[in-house]
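Listed below are the structures to be examined.
Common to both upcoming complexes is chain A, partnered first by chain B, then by chain C.
Our next item is the complex of A and B:
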């Protein structure tokens, strides 16, 4: 009797099980997709709760709601003006870094003399705290956007050079020899063999550098600017408007994440073969 | 033939138009304020908005500096033409090296430095700072004068715990009670009062000028290159600025509105309050006796004396009158 009951229960549960599993999988898939958003929402919720429970004043730690309120209290035009100014400087410095860093990396990877001569100089530039020399750069280059673009360039270009050189050097020696044996010119070897090998390295550097470009622009705007999110943060803190400064920080982080994604998209669009299979 | 004549006439007309435009084109100056936009810097914006500079045939580009030393450096390097900066910073720079910058007009005939304290603070006078913790901006020029001021009032500077920090952290630190007081300028009282209000407190101040600190503060500076090349332009710009300053003193709200026209994120009420806080530094017994904008030799000598003492420089290291050019002060 007992065994009959068990088998009956089993037979009635049998068609339900695949459906349950399917539903469970669907929920898990959604959870997997939403995990980053849910985690961010949880952090914001806890942050808001802490501010409210402990009645933290805005000058110590503004609550997310206070930050949002202060952000919306400002005319959207003001946000656009500052964001555009920072974006212009970031992209200007970033573009300059790419234009200079990649050919320089090609030179360094293919000439021992150049590598021995220029590499130490590049390390010296990278080791120099840019925040310290930024005021001097501003005095030397005068007013306008150029000093800010140059400061951004200095902060951005080193990872691109190093990573590109590593990528170029990773080209298998046999391939280079094969190209030479087939009579290919050095330029062709670089263009058709070395550079394609370096593409994953170049893009990983480009992704790091785009976030550095935003930091570079902000550093430059702290030193000398009349517009830009860095200027706006300095301006807000000078009036002790901490929620407003936090709102600008959030805009900066959002900008940085967006640009990071844009670089990832560009790689997926132009060089899908350079990505691991699961990322294509 | 007619076509050629027509073309020649057009070319001649073009040339004439170009030369006429050049003749009537406004002189341009790059004006550098000593700090980020704030109410106490409103006069230059008012001058631009009211058309005082345009009436003098001047087009102004306003640049924000990050301290008086930067203004002096940028003027000397030719990266700016005129601007505002503390006279002590100019005197110090000129005593230590060749700096081709001169002060052409005084704005503050009293020093703006003070202590901002929470209401009911046990610090009732300068002598009470012994054993207390005070916050100050890392690169504030006030830090240099502070030990000299204490010594001249028979207070040991080592008895005070001076904590250096970012200017933006001073208000929150005071409001949170992490410091007993902060070293600031008089113009920062309104924004500090706003933060302290949030903490349910009010502010009190101790003016350093009440304890013997005297001398000229904020002044209009000009590069010597511009003074030599175009003294007339310096005179016109100084005149326009004087008009703007007088109007701002008369109507701080108008000055704050002019500032907002250039810096839209500015709070007009706060900016007007900041300018109002600076008026006693501009209009006082000294300015009543000598006029606004002048450099009275005795007070100028005292300004230099404070700088020399704070920087441990010989008093004869600089003749302070060599740092000023009084030709341009408007009547």
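Our next item is the complex of A and C:
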């Protein structure tokens, strides 16, 4: 009786054949889990097929197999050098953004004067197309890694500021009153109440910003660099080595996804309470 | 009415706020009353009658525009040790477990929690019937349980005065009644001077020794009612004749137009 009701509850179809229904459900569950992978494989398959059937030249659209071949044709040391260069610029700019954005957000959230004067300036900086400013920054700051890190910083720090300010402002008014009624200092209020309340907001910004950091590094490398994956793509396309450029793109996407996951893991390790209950 | 040995005393208190469009809003006008030691006083009135302002003035969070507020004969100029506050929402810290939430005021103020304070927090969790939840996180508790944690947190430093700002208004009706009796039990075990703000007439009658009925715009004390219902109060109190008479009287006071000044 009990098993009948459960299987009936799980599937409205064919209650007379519970065994078959169970197998069907199992297959459906697997399909559901594999769906993203299967979809991706299908896209790659169609891509390969189109390239072969229409015999597209590599400089127009390289086939997936051509991309993989070109990736392995290159010395792994070269890949490593370029990837490492991009990673350094990305993480450098990202770290600088965090170091500057979070104290700035604390200032903005706690001082009306600061938020009235600094916020409009920040919006202007954010509204300036970074690709347009990048060459100017390179001219101003000269060659080397610093201008690239600065460009990455510019593109990453704004989301962190905005999100952290929102988080700090989300602190319940009652807790601020509790803090004041205890005679605790503003610094303690910020450290013990406001900042922890902002943690979920900070991390959602950090996840967005880490992918922006990769974009920033690539933009900077397009403008002025002698190494890095951005430079390598520009270099490869100028010699019409399109499969190689595609391979570099795949490395970039992988890097971006990996870093995104690392941020998510850091949040889960250090601040599990800041995640929604079901994803802890 | 103004007894010299009052715990809390309001004398000609007036509170004017500047609203965002630059006009002055009078939140409280000519408020006079006093509360005796270990008395339970409920404040009831329509929205915007300045009930919360009243509480924040006692807490030292807001300075009155005119008049004086005294606690044990001393004017209130800043937040004081002998006060504990329970807010409308429990506002627990989601990153701390229940025990650490109760000891949070000490950790926050002094940066550390002594063994005695932890011991005391455990006693308070027992008093609020939450001892087996000490290691849980706030989001694992129901709304009523969270509010009991809020009460335990307010009692940690053993304040003489407990200020409660509509503490049960966010709870469902059943939990609310249960919480009222819980509060009475706690108050009987650990007598305190309580100022309890509420929107609920039955709640005020069930809990309080006296009820301040306030009128709005400007907020002023319209009447002070001696409840006079026998203690301990139980579910039977709700069906007493005097309970219903007082409830009807307060209702008519709250809903009638303010007396022209």
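Simple rule for what comes next: the second predicted complex is superposed on the first by the 247 of 280 C-alpha atoms of A that agree within 3 Å, B and C clash if a C-alpha of one lies under 4 Å from a C-alpha of the other, contacts with A are read in each partner's own complex, and residues count from 1 in each chain.
Definition applied: a residue touches a chain if its C-beta (ideal position, glycine included) is under 8 Å from a C-beta of that chain, and two chains touch if they have at least 3 such contacts.
Since this is a predicted model, take the numbers as computed values, not measurements.
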**Message:** Once chain A of both complexes is superposed, is A:238 in touch with chain B (first), chain C (second), both, or neither?
**Reply:** first
**Item:** Touching partner for A:196 - first (chain B), second (chain C), both, neither
**Value:** second
**Request:** Scan A:277 for contacts with chain B and chain C and give back first, second, both or neither.
**Result:** second
**Request:** Check whether A:188 is in contact with chain B, with chain C, with both or with neither, and answer first, second, both or neither.
**Result:** second
**Message:** Between chain B and chain C, whom does A:175 touch in the aligned arrangement: first, second, both, or neither?
**Reply:** second
**Request:** Tell me which partner A:131 touches in the superposition: chain B (first), chain C (second), both or neither.
**Result:** neither
**Request:** Please work out whether A:49 is in contact with chain B alone, chain C alone, both, or neither, and reply first, second, both or neither.
**Result:** neither
**Asked** When the two structures are laid over each other on chain A, which of chain B and chain C touches more residues of chain A?
**Response** B
**Message:** Just to be sure I follow: which residues of chain A are touched by chain B in one complex and then by chain C in the other one?
**Reply:** none
**Asked** Can you name the residues of chain A that touch chain C in the complex?
**Response** 172, 174-175, 177-184, 188, 192-193, 196, 199, 271, 273-274, 277
**Fill in**
Per the touch rule, the chain B residues reaching chain A in their complex are 30, 35-38, 61-66, 70, 73-74, 77-80, 166-168, 171-172, 175-176, 191-192, 194-195, 198-199, 263-265, 267, 270
**Prompt:** What residues of chain A sit close enough to touch chain B in their complex?
**Reply:** 57-60, 74-75, 77-78, 135, 138-140, 142-143, 223-226, 231-232, 234-240, 242, 245
**Message:** List the residues on chain C that touch chain A in their complex, please.
**Reply:** 56, 59-61, 78-79, 83, 85, 87-89, 91, 93-95, 105, 107-109, 137, 139
